[in-house]
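Across the two complexes that follow, chain A remains constant while its partner is chain B and subsequently chain C.
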Partner chain A sequence: MAQTVVRKTASAEKEQARLPRLRLEVGEDFGKRAALYAAVALIAFWSLAPFLWLVVLSFSEIVDIVTKPPRFLPIPLKLINYQTLFFPQSGLGGYSKIEQVGKMPSAFVNSAIVAIGVSLLCLVIGSVAAYAYARYQRYFFHRATFFGLIMTRMIPGLTLSIPFFIFYKALGLLDTKLGLIIAYSSFLLPLTIWIMKGYIEGIPISLERAAMVDGCTRLQSLFKVILPVCTPGMIAAGIFVFMAAWNEFYFALILTSTQNAQTMPVVLAGFAVHTGRVTELPTLFAGSVVGSLPPLILALVFQRFIVQGLLVGASKG
Partner chain B sequence: MADEEGSRPLSGIRGKPAGKEKWLEYEERREALYAFLLILPALIIVFLVIAYPLLYSLWISVNNVDFVRQRWTFVGLKNYLDILPKPEFQMAGVRTVYYTVLSVVGSVGVGLLMALVLNESFKGRNVMRSLVLVPWATSGVVIGIIWRWIYDGETGVLNGVLYALGIIPDYVPWMSEGVRALTLTAVAHIWAAAPGSSLLLLAGLQAIPPSLYNAAKIDGAGAWQRFWRITLPWLRPMLLLAVILSTIGGLMTFDLIYVMTRGGPGSATTVFSWLGYTTTYQFFRFGEGTAILYVLTIACLILAYFYGKLLSREQMY
Partner chain C sequence: MAKIVLRDLCKFFGDVRAVDHLNLEIKEGEFVTLLGPSGCGKSTTLNCIAGLERPTSGEILFDDRVVNRLSPKDRDIAMVFQDYALYPHMSVYDNMAFSLQLKRMPKAEIDRRVHEAARKLSIDAMLNRKPMQLSGGQRQRVALGRALVRQPVAFLFDEPLSNLDAALRIQTRTEIKALQQELGITTIYVTHDQEEAMVLSDRIAIMKDGTLQQYDTPEETYSKPANSYVAGFIGMPRMNFLSGRASVQENQVVFDAESTTIIWPISILSDQQREAFGEGHEVLLGVRPEDIQVSRETENADVVADVFIVEPVGATTYLELRADGSNLKVSSDPSQRFRSGERVGLRFAPEKLHWFDRATGARI
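Showing the complex of A and B:
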């Protein structure tokens, strides 16, 4: 509409009409920038404030928390909660009666073993499968099973947990880290394959051919040529899998029962639910911070890689 | 280079020239076997560990199961017919729908706002893109802990801030009233789920050719018009995807309920997943519990159907 109006006007008139409009645009632009930065500030506050408050709480003593209103900046920072966490028996930190505090170190180790184990398993099996899915799409079987794999992401874990419990009990896998690794791999493999397939499709097929002309077998060309080129994709997939495995709660809750395999979320949730006395709270907050650090650091450091895999894995689930 | 040969099997290059046709046929079969073997480990893990339990839990839901005495009695649809008329089941359904609608609208809305802002150019955009990932990288359990003690009636920072600002005369027990507790839990859920949606939508925004906006600007379309006429139509598939995934996230919510409310006060936040969990693992009514969870599963499978249709229409895998 505006275009036709402009076309019809004589050029002199056009010049005149343009001047005030330009000035208006500068004003508009300033308003727009201000609105944009306000929105940025709002988003930053919304995304960070709740977590930062947890960090503040973890450096507070109970007195700082129960004061009305609470001390928003407990300076100097109190390290006593972290001390209780890492040395539960030390007299300095004050002996904690909640058994969950004592479980925290082993839970951290369990989480690490499970998350790393799942990541490795998924990367090895998933990359090989992703390669086959990327290169052999002419087979109907491959197209069909790939679609099936993607669809498994939509099946709620809640429903699967009961059969898992029954099978694991029969197989003696209850309360073992291996059991958790198998369970997590089953629903994180499709994600790995999806991310890796997209990545491998971007690699020219001539690379493998050249390798095979040079005398590589098919497997050699896969492991020595293709996969090394895929490192960024593997990092992206590895982070997604690690984070999902580290943070998973429902299966860990149902399939584990002792320090042998309980992961961070289970121990923290147990703490949160069973804590009776307010005095134990700061330790819980410190534990929550420590338990969040590994996935958080990975996500922030490798943000670039995550964005690569984002189309597929944007929703954890 | 060999690149132009496109769909020809890789092995053709190593093929012997003599008896070419027969050789190719043999090679092709070897090739298919090889392609099949590569995906076999992944298929075994995923389908054995997911498909079988899925069918198994369907089987449980049509049986009366007594685990102590190891007695299974086939009862057909009795479990379903038993739970459907129960008011606790129907109320849980109403709450699940309320919670899900709230969290979908909220997380896709907030996610869209985040994506629109993060798609603009401003100083520190990359840092912001990392920072919005904080809730996404935090485990559901820790998110529950954070928000439970934000809302807390005695030590909560929400009370603290409002009290310090003089907005409320005294601390309010936010989570003691039914609908409010459910709504506030949904707010925590929105905080957790918005980054996932925003990543998807950001990817969608980046796929819109900038020339469209330039053309629209020349034609005199305002920002509002550009948003409705270009951004939204182009974003539609991604929006749908975000809505489907966040609907599943809302239906399946468990971690937050477990840590924040445990279904209470009374049964005010007892959604399907919590009802299914308590029926199964606290009251050991496996048949009924599985039936409740299977109702959820069916809802998810319906959503999965649309998800699959959307993905194949948009060629997103």
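Showing the complex of A and C:
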């Protein structure tokens, strides 16, 4: 959906550029613009407000939150929650909170290892698979298996959690990072293949033919020409996978139990569950803000590629 | 340089016969064009020669060596594609050097070859740019350069000029011919443009529905087309066709169309033609626009026609005529200044008539 909207706006802009500029229809033009900006502002507010509220809360004490009438901006901003987070011994709060905060560093590392691991695995396998699916669509086997892959996206993850648990118990993968990486890849790999397939289809076949005539084997043409050309698509797909893996909660909750593999979402939820006190919530908010930073920074750095990668994919996918 | 031979080459895609028992011999250093409309199998043939498609049956020989199972990289050929197929992530220099780097050629030699080719194509100022920063014509040159540095056994061109504008196309065409003459490398060139084929080639292979129609020099395909299909394809404007019945009567050849009868002395026919016509034969009479003399004199004319449309192109003026229910195109001297609506008389140059069997289209 999002891609369609972007494309429509682009064509609307073109349309506007073609309008005769001699007749100054300032009123109409201004009206349209105002409506557009209002819509954009509304959408931005809709998406951003919860996050901004979280940021505000992370700088609040519990008193600021429960006070009546409610205070929307705690002035002055309080750093106490972040202090508790990074220097648990210095902060206020009971043993359970300190224990929970103590899990944060390992959870952060676990999340990073799992998310990066899943991203790399999906990109390596996914782009090669996507190449095969993009270039051999005339074969029934390829069409059928691709349909199968996409079908897996239609199955609710919930229904898979028990089978996963039983299998993992038997295989000794419970509470391991490897287990999480495998589980996440199983449902993020089809997504990667789908995004990359659309991207590769947009690359003219003559490019790899030229490479093969120039002296590449098929694999060399894939690695030396096709994949480098696919970099924007790979970055877009990689970030999607990273964010999905970083944010995943349900499987992580079921398949992990200790600091060995628990990820950020699980540990953050633990603040609410294990400490059991509403007064600990602000620490949870601060933790959530910290936890949302890596995907945020990643998206900001690579946003150019995200749009570019998905648009090319969208036009052909 | 290599001699390339196609022996009974077939390529089927499911039920579609893209190339059907094609036999072709391309001499060392020869410039051969595969000519035909889209879907005639010319590009598939080229891809088979390049090794990008595997033939269903038949053999491809480079210098008497069967190369059917060789991968493209082992055939030592260079190919220029319609969309240029430049590697967008590499600079112009790297695009040209890529094949040499894969061969692990010494850096100094790569450098020398790339610069030499770039100078030849006047792209030496652009070696550090990316393909995106170049115009269509410049990209075309880089694609040529990429082929040149290879010094391959053969050049394969797949409609390399169709994405250029008309003026640039003609200019590049001349340059390609000059380069090929200078280097003397065997070249196979695919196009649907008959003029391009005529200008460039030593020999033209005209294809239709995967089969070879005629394989001959441009002059021969023009003056002695093997069938009515070739006759209609080669030459611009197109050859005129009149269908009727030809017969030999008392030392004369009589051509009967619907309401027109044209009589020539029998001497214009070869023995073979005389024998074929005999009592009467359903034929297509082909005559090129430039082989028809048009005048205001209608008395002794072969055909009388009405001028319908006048198309001056400078050196000549083409007239679209209507005679006997069919349309004819003729070229006339601009100084004659024909106007539309005028009645004119046509005389066909008897020694330049083309006779084809109406049923098979074959030349008689």
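Convention: the second predicted complex is superposed on the first by the 238 of 317 C-alpha atoms of A that agree within 3 Å, B and C clash if a C-alpha of one lies under 4 Å from a C-alpha of the other, contacts with A are read in each partner's own complex, and residues count from 1 in each chain.
Simple rule for what comes next: a contact is a pair of C-beta atoms (placed from the backbone, for glycine too) under 8 Å apart; a residue touches a chain by one contact, two chains touch by 3 or more.
None of these values were measured; they are calculated from a predicted model.
Novice: Where does A:Met104 make contact in the superposed view: on chain B (first), on chain C (second), on both, or on neither?
Specialist: Neither partner.
Novice: In the superposed arrangement, which partner chain does A:Val229 touch: chain B (first), chain C (second), both, or neither?
Specialist: The second partner, chain C, only.
Novice: If you count the residues of chain A that each partner touches, which comes out higher, chain B or chain C?
Specialist: Touched residues of chain A are more numerous for B.
Novice: Between chain B and chain C, whom does A:Met212 touch in the aligned arrangement: first, second, both, or neither?
Specialist: both
Novice: Applying the touch criterion given at the start, work out whether A:Gly148 contacts chain B, chain C, both or neither, answering first, second, both or neither.
Specialist: The answer is first: A:Gly148 touches chain B but not chain C.
Novice: May I ask you to decide whether A:Pro204 touches chain B, chain C, both, or neither, giving the answer as first, second, both or neither?
Specialist: both
Novice: For chain A, which residues belong to both interfaces, chain B and chain C?
Specialist: On chain A, the residues that contact chain B in one structure and chain C in the other are 204, 206, 209-210, 212-213.
Novice: Residue numbers of chain A touching chain B in their complex, please.
Specialist: Result: residues 1-3, 6, 36-37, 39-40, 43-44, 46-48, 50-51, 53-54, 57, 65-66, 68-70, 72, 125-126, 128-129, 131-133, 135-136, 138-139, 141-142, 145-152, 154-160, 162-164, 166-167, 182-183, 185-187, 189-190, 193-194, 197-198, 204-206, 208-210, 212-213, 218, 243, 246-250, 253-254, 264-266, 268-269, 272-273, 278, 281, 284-285, 288, 291-292, 295-296, 298-300, 303, 306-307, 310-312, 314-317 of chain A touch chain B.
Novice: Using the touch definition from the top, list the residues of chain C that touch chain A in their complex.
Specialist: 47, 50-52, 71-73, 77-79, 81-83, 85-89, 98-99, 102-103, 146, 150, 156
Novice: Where on chain B is chain A touching in the complex?
Specialist: Answer in residue numbers: 1-3, 7, 10-11, 13-14, 31-32, 34-36, 38-39, 41-43, 45-54, 56-57, 60, 110, 113-114, 117, 120, 122, 124, 126, 128-142, 144-150, 154-155, 157, 159-161, 163-164, 171, 191, 193, 195-197, 199-200, 202-203, 218-220, 242, 245-246, 248-249, 251-252, 254-255, 258-259, 262, 273, 276-277, 280-281, 286, 289-290, 293-294, 296-297, 300-301, 303-304, 307-308, 311-312, 316-317.
Novice: Quick one: in the complex, what on chain A touches chain C?
Specialist: By the definition above, chain A touches chain C via 204, 206-207, 209-217, 220, 225, 228-229, 231.
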